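Some structures to go through are shown next.
The following pair of complexes shares a single chain, chain A, combined with chain B in the former and chain C in the latter.
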Partner chain A sequence: MSESKPLGGKIFTRAFAVAFLFALIGGWFLIQRFAQGLGAVSNMSDGFPWGLWITYDVVIGTALGCGGFAMAILVYILNKGEYHPLVRSALLTSVFGYSLAAFSVFIDIGRYWNFHHVLLPQYWNFSSVLLEVALCIALYVAVLWIEFSPAFLEKGGGPQASKGVNRIMFIFIAFGVLLPTMHQSSLGTLMVISGYKLSPLWQTPFLPLLFLISAVAMGFALTVFESFVSSLAFGRPLETKMIGKLAGVIPGLLIAFLVVRWGDLAFRGAFGAAFGGGWPMIMFWVENILFILPVVMLLPRPNREKAGTLCLAAFWMVMAGAVYRFNVFLVGFSPAPGWSYFPAAPEIFVTLGIVSVEVMGYLIFVRALPVLPEPERA
Partner chain B sequence: MKCGECREVDVGTTSRAGNLSRRDFIKICSAAAVYMGLPAAMGAKIAQAATARRLPVIWVSGQECTGCTESLLRTDHPDFAHLILDLISLEYSETLNAGAGEQAEAALQASVKAGGYVMVAEGSFPLKDGGIYCKVGGRTIVDIAAEVASSAAAVIGIGSCASWGGMPSATAVDMGGKSPTGAVGIAEALESKGVKTPVVNIPGCPPNGYNFLSTVLYFVTFGKLPEVDDKARPKFAYGRLIHENCERRPHFDAGRFAEQFGDDGHRQGYCLYKLGCKGPETFNNCSTLTYNDVGASAWPVGMGAPCFGCSEADVGFTAPLHSPARPIYVTPPALFTGVDGGPKGKATTGGALVGGAVIGAVVGAGIVTAKKTGKKAEEES
Partner chain C sequence: MSINRRDFLKLTAASGILLASDVKPGQAATGKEMPPQAVGFLYDATLCIGCKSCMYNCKKYNTMPGGALYTEDGRNMNEWNGPEQIWDAPRDLTAKTLNIIKAYAEEGEQSFIKRHCMHCVDPGCVSACPVSAMQKDGKTGIVTYDADKCIGCRYCQVACPFNVPKFEWEEAFPQLRKCELCRHRLAEGDIPACCEFCPTGASIFGPVEELRKEAEMRLRLRTGSEYEYPVGTVDGAFKLPKKVDQYVNHIHGLEEVGGCQYLMLASVPFDKLGMPTLPKKSYASTSEGIQHVLYNKMIAPIVVFGVLAGAAFRSTKSERGERDE
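This part shows the complex of A and B:
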C-alpha cells in the first residue's frame, strides 16, 4: 500500500477557518436543539416528521458516501485494480458521510435518549424497514472505519504495519459491498410504504432499485468530482486519465436509471402529473434535466478526456441524485391537506455545520494520513 | 362455595325485559368474556350458564350515595333491566325495590331463608358506637349485612366504600384523625361479626359497571370467584396501572405536561401528572374500558380531569387531590424537552434566504470548480 502518502502542510488554512466558522454556527443551533427541543430550531411537524436533516444528512449524505461502495464494486468485485489508488480517498468520504449521517439521526429523533435501543435486540421490530436501514448503517459505519484503518496503521508503522489487517480485510470489503446494497435500496423502500402520500411522479415499487442505481452513480460521480477538487485545492496534478476512464461507467448507470424511471412512469400512466403544475412539476423537470445532462456530456468519448467537462458532468450527476432524493422525501411528499414544510434557517445552519465538520475532517485526514495517491502514480 | 349450591330461580330462554334476541344476548356474554381476558368463545359458555339459572342477588346498601347503582344503570350492553331480569334475579335492593317498608323487608327475609344467593354490598359500614349511624327498619346495617352474608355463596363489594370504607371512612382532623362513624368496607365489617363468606371487591367511585357485571357472569359460569389481587380486586380488571394504557401516556414519556387547568398544554391534551393525576399509582382498567358506552375518552383523564385514585385504598379520599402521584413503575425524567414550538411548516424569509444562498453557492462552486479544472488542464498540457 505504498501508493498513498500524507499530504503534509498546515492544517489551519483559510478554507479550514471558514468550515470551522460554519461548524461553530451549527454547533450553536445544536445546543438550542438539545436545550429547547426540536421545535426551537426545526420546522418539522407531525405531518413532516422528517425534514432537511434526514433528507440531506442521511438520505443524500449516505448516497454521497457511496464512493467507497462504488469503488469497492469496481476494484474488488469487477477486479479493476488500476483504480485502486482512488479507493482510499473515496473511503474517507464514505467514513465521514456515514458517521455524520448516524450523528444526524441522533439529533433528528425526538427521543434521542432512546437512541441506543436500535442496537438492543429486545426492541427490534422485524417488520420495520427503518430497522433494516438503521442496523445496516450502524454496521456499515463500523465496517468503513475498519476498511479505513490501514491509513492509521501505516501512519504510525509505515507501509508494512497494515499487513495483518489487510489479510482479513476481504471480509470487511465483502460486508462493505453487501451492506450499502441493502440499505441504499431500503431508503427507497421507506417511501414505498408511504403509499399515496407520495406523488405518483415518484411513488413506485421500483423506488428501491432507483435508489440503489442512483446511489452507485452518485458514489462514482463524487469520487470523480472530489479528485478534481483536491487537485485544485492541494495544487496536485490532475488525474484526468484514470478519472476519465472511471467516468465511463456513469452514462451507462444513468441510462439504466432513466430507462427504469421513465419506463415505470409510462407503465403506470403517471406521466400526466409531470405537467400537473406546482413545485412537484418544476422539481420533476429539474431532476430529469440534471440526470440527462451528464449522459449527454459523458457519452462521447472525447468529452471524457476533457477535465473541465468531466468535472462539470460529475457535478450535475451529484446534483441529480440529490434533487431526486429531495423530491422523493420532501417535494413529492404530501401527508395530508394543509401540511407543508420548508426548512427553518437554524435547521439549514445545523446541516451546514455538519457538512463543515466533514470538510474539516477530510482536510485533517488527507494532510495527516496516507490517503491521497502519490502524484506520479496517478 | 360452588354455584351448584346456588338456588335456581327460573329458567328462561327469552328476554323478560324487552326485545333481547338470543344473538344479542350471546354478544353481551362474549363482550363480558373479552373484558375478563377470556377467549371470546367463552361467551357461549357464559350465555349457557346465565340462561340455565338466574343467580339470585341481594343488594345491601350501607353508607352510600347510590353512585354505584346509578353508574350500573347507565351500562348499555346489557342494560340494567336485562341484567336484573335476565342474567340475575335481583331480590332486594333499597334503590330499586318495587315494594317498600315491611313488604320489602319480608321479601328480604324470605330470600335469605331460601339461601344460595350472592350478596352485593354497596357503601361503607359504620362500626363505631355499635353501628348506630346507619340503620334500616330499626336494625343496624352491619347486623343486616352479617345476617345476609352468612347465608350467601359469595359477597361482592361494589364501589370503594364497600371495598375499604371509601369516602365515609375519610379521616377528619376534629375527630382525632378518625372517621366520624368508624366506617369500614364490607370485608372488615363481616370480619368484626365473625362471618367468613368470601369477598371480592370492585372498587371505584363509581366502578365501571362492566367490571361488576363480568365478575357476576364469571361466578355464574365457573361457580367460583375470579382470581383476585392482595386487595381482593379481580385481576382481569385491576391487574394493570391506569398509567400503563393511558391515552395520554406518550405525552408523559415525551415530557409534555399540563401545568395548570386550562393552560395551553391542558387544552392540547397533555399528560395530567403535574396536576396530580394518580394514574401512575392506581390499578384499574379505566384507560382501556372507558365508561357508559358513549365512546372514546369517556373517563376522567380523557375529559381532562386528573385521576384521583378512587380504586386504590390509600390514594382516593386519602392523598390530596392535586399532590403528585407516587409512580410505581416509571418516573418522568425532569430533563425532557418538548417537540413543539416555533413557526411551523411554511417557508420563512430567513429559511428561504439561507436555503437559496446555499443552493446558489453549491451550484456556483460546482461550475467554478469545473471552469478552474478546465483551465488547469490546459496549463498542464
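This part shows the complex of A and C:
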C-alpha cells in the first residue's frame, strides 16, 4: 500500500521542545514517586485508592486510543475500504495511547516489581475483572505494534516489504477488534463491584455496554479530530470529505448510548439523584449535555460538510466520553463520609508528562514513517 | 481459496484453544458457601467499655513474626511503641491499625463499635484481586493476604464494601494491610489477640455457626434480665454475669453482602455507628455474574473472533496480493 508517506521535515520544533520540557518535569516527579512512595506525590488515599492516573491515563487514555479499534471495525469488518487512508494514523494514536496506558499502570501500582504476575498463569484469578482488563490491554499493546509494523517495514524496504506480514494481518486485525471489545467493556465492569460507593447515577450492570459504545464513539471522534489537528499543524489540505462521511457514524452510536443510559436510569428509578445537588449532580448534567451536543451538531447532513462544525462536534464527543469516565471513576465515587479527592500538582504533572511523550512520539513517527495519507489521494 | 480457508479454520481453532485456557473448571458464578468449619468474631457493643485493650494487643501481636503488621525492619512496631516513640491515636483503620474502637455519642445514645476485616463469605477483595493475593481459606474462611503475590493495584480497596484493606502510601515498597484473624496465633493454638485480651467478653472468638446461635439467642433475651456472657471464646468456661441491654433487633454481618464471619450486636442502629447499609447479595457476585454471562467458557469471544477473522480475511484480500475471484 503506497497511500501513506512520511511527512519529513525537522523533528526538533518548538512544539517538540515544549513537550520535551513537560516530559522532563513529569520525569522529575516520577523519581520522587519511586524514591518515596505514592503518598509523596499523589492525593490518593485509602478512600480514593484510584486517582487521576488510573482514571485519565488508563481509563480515558485507552478510550482515546480506540481510533485504531473503531477504524478497524469500519474498514476491515464492515469492509469500507474507502476509509483505508485514515487507518494508519488512527493506529498510531492507539499505539501511543495504549503503550503509555500500560506504562501508567506500572507507575501507579504500588508493588511494581511484581508487575509480571499479571502475565503468569499461576497467579491468575479468573473472577477478577481487572485481570481480564490487564491481560487484554497487554495483548492488545502487542497486537497494535504488529498492526502498525508495516509502517516500519515500508520505511526500510519500500511498499513491498510489508507483504509478508500483511498476509497474516487478518488474524491481528481480528484480535485488534476482539481485545478492545473485551477490555473497553470490562473497564466499565470494573466499578460494578464497588457497589454503593458509586452513585446510582452511574452504578449499573449496563456499565460494560455503556463503556463499549462510548469507546467506539470516542475512537471515531478522535480520528476525526486528529485529522483536523494534523492538517492544521502540518499545513496539509483538510480531509473534510472523507472525515465528514466518517463522522456520520457518530450520531447513531451516541443515540444508542443515550437510549441505554436514560432507559437504565429510568428503569432503576435513579433520576432523583440527578437533582440531588453537589458535584455529582452538576457533572451528571455536564456529561449529558456533552453527549447530546454532537448528536445535534452532526445529525443534519450539511453540517458534516463544514470543517469547523465537524471538528467541534468531534471535540465535544471526546469530552463527553472523558467526562463520563471521570464521573464513573472519581466524581460519582464516594467510599464513606469524610473522604475526598482532587489530584495533587505532581500527579497532574506526571499525567502531563505522559501526554507530552505521546505528542513527541506522534511527531517523530509521522515525520519519519509512512503514516499520514498522501495529500493528493486523500 | 480452499487451502486458505482450511488454514484459516485451523488458525481459528488454535486461537480458540488459547483463549479457552482462560476457563477455570467448576467456577461458580454466584452464591458462595461459608466453609463449615469457618471461624470468626462476635462483637457485642453493649458489653464494650472502650478500654482499647483489643487495639493495643492487636498491634502488639500482629507486629510479631507472622503477624499481619510484621516487617523485618520492625518499623511498624517502633512507630507505636518504644522509648523514642509517642503513643499513636489513630482515628480510623490504617495500614498500621488493623482494629479500631470508635465511639458514638449523640441524642442521648452512646455506643462503641469495633472495626476490622469482616471476613466476608463472598469477599469483594478476593473476587477483585487479579493475582490471587487475597484469598479465602477453604477451611477457616479467613480472608488472607499474600504480599509476595500482590502487585499493589488497590482494586481490593475499591471492591471492599467495608473499606477495610489499607495501603502503605508513605512507603517506597508498600504492602496492603488488613486483619487476617490472627492466623499466626490460630496456628499456635491461640485465639485472636482482640478476643483473648478483651476483659468483658465484648469480643469473642469461635466457630461462626456457634457465634450465630449465640447472637440469635442474645436477641431473644429479655431486656433487664441477667445473662452469663462468655469471655474469650463463645464456649469459654469463664463467664461474666451482666444485665441484658436493649438490643437493636439486627445481627450485623449475618446477611450483609452474603454474610460475614464477623458478627455485631449493638443497642444503637448500625448506620449510626458508621456501618454501611448493605444488600444481601454481594457486589462481587453481581460483578462475577456479568463476567460469567459474557465469558462463559470463552464461547462468546471465540465465536466473535471467528466472525471477525472471517470478515478481516475477506477485506484484506488486496493486501495479501490476491486477485478477486
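What we mean here is this: the second predicted complex is superposed on the first by the 378 of 378 C-alpha atoms of A that agree within 3 Å, B and C clash if a C-alpha of one lies under 4 Å from a C-alpha of the other, contacts with A are read in each partner's own complex, and residues count from 1 in each chain.
Quick note on the criterion: a contact is a pair of C-beta atoms (placed from the backbone, for glycine too) under 8 Å apart; a residue touches a chain by one contact, two chains touch by 3 or more.
Small disclaimer: the values here were computed from a predicted structure and weren't measured.
Chemist: So if we stack both complexes on chain A, do chain B and chain C clash, or do they fit?
Modeler: Aligned on chain A, chain C clashes with chain B.
Chemist: In the superposed arrangement, which partner chain does A:Lys163 touch: chain B (first), chain C (second), both, or neither?
Modeler: So A:Lys163 only meets chain C here.
Chemist: Who does A:Ser128 touch here: chain B (first), chain C (second), both, or neither?
Modeler: second
Chemist: Once the shared chain is lined up, is A:Arg111 touching chain B (first), chain C (second), both, or neither of them?
Modeler: Once the two structures are laid over each other on A, A:Arg111 reaches both partners.
Chemist: Of the two partner chains, chain B (first) and chain C (second), which one does A:Leu38 touch, if any: first, second, both, or neither?
Modeler: both
Chemist: Between chain B and chain C, point out the one touching more chain A residues.
Modeler: Answer, by number of touched residues of chain A: C.
Chemist: Residue overlap on chain A between the chain B contact set and the chain C contact set?
Modeler: Looking at chain A, the two contact sets intersect at 34-40, 45, 47, 110-111.
Chemist: Would you mind writing out the residues of chain C in touch with chain A in their complex?
Modeler: Those residues of chain C that touch chain A are 11, 15, 21-24, 27, 93-95, 124, 126-132, 147-155, 157-159, 161, 163, 166-175, 257, 274, 276-278, 283-284, 286-288, 290-291, 294-295, 301, 304-305, 308-309, 311-316, 319-321.
Chemist: Can you check the complex and tell me which residues of chain A touch chain B?
Modeler: Its residues touching chain B are 34-43, 45, 47-48, 110-111, 113, 225, 228-229, 231-232, 237-238, 240, 306-312, 315-316, 318-319, 339-345, 347-349, 352.
Chemist: Quick check on the complex: what are the chain B residues that touch chain A?
Modeler: Per the stated touch rule, the residues are 253-254, 333, 337-348, 350-355, 358, 362-363, 366-367, 369-377, 380.
Chemist: Residue numbers of chain A touching chain C in their complex, please.
Modeler: Answer in residue numbers: 1, 34-40, 44-47, 49-50, 72, 75-79, 81, 105, 108-112, 114-115, 117-118, 121, 123-132, 134, 163, 166-167, 169-171, 173-175, 177-178, 181-182, 185-186, 189-197, 205, 208, 335-336.
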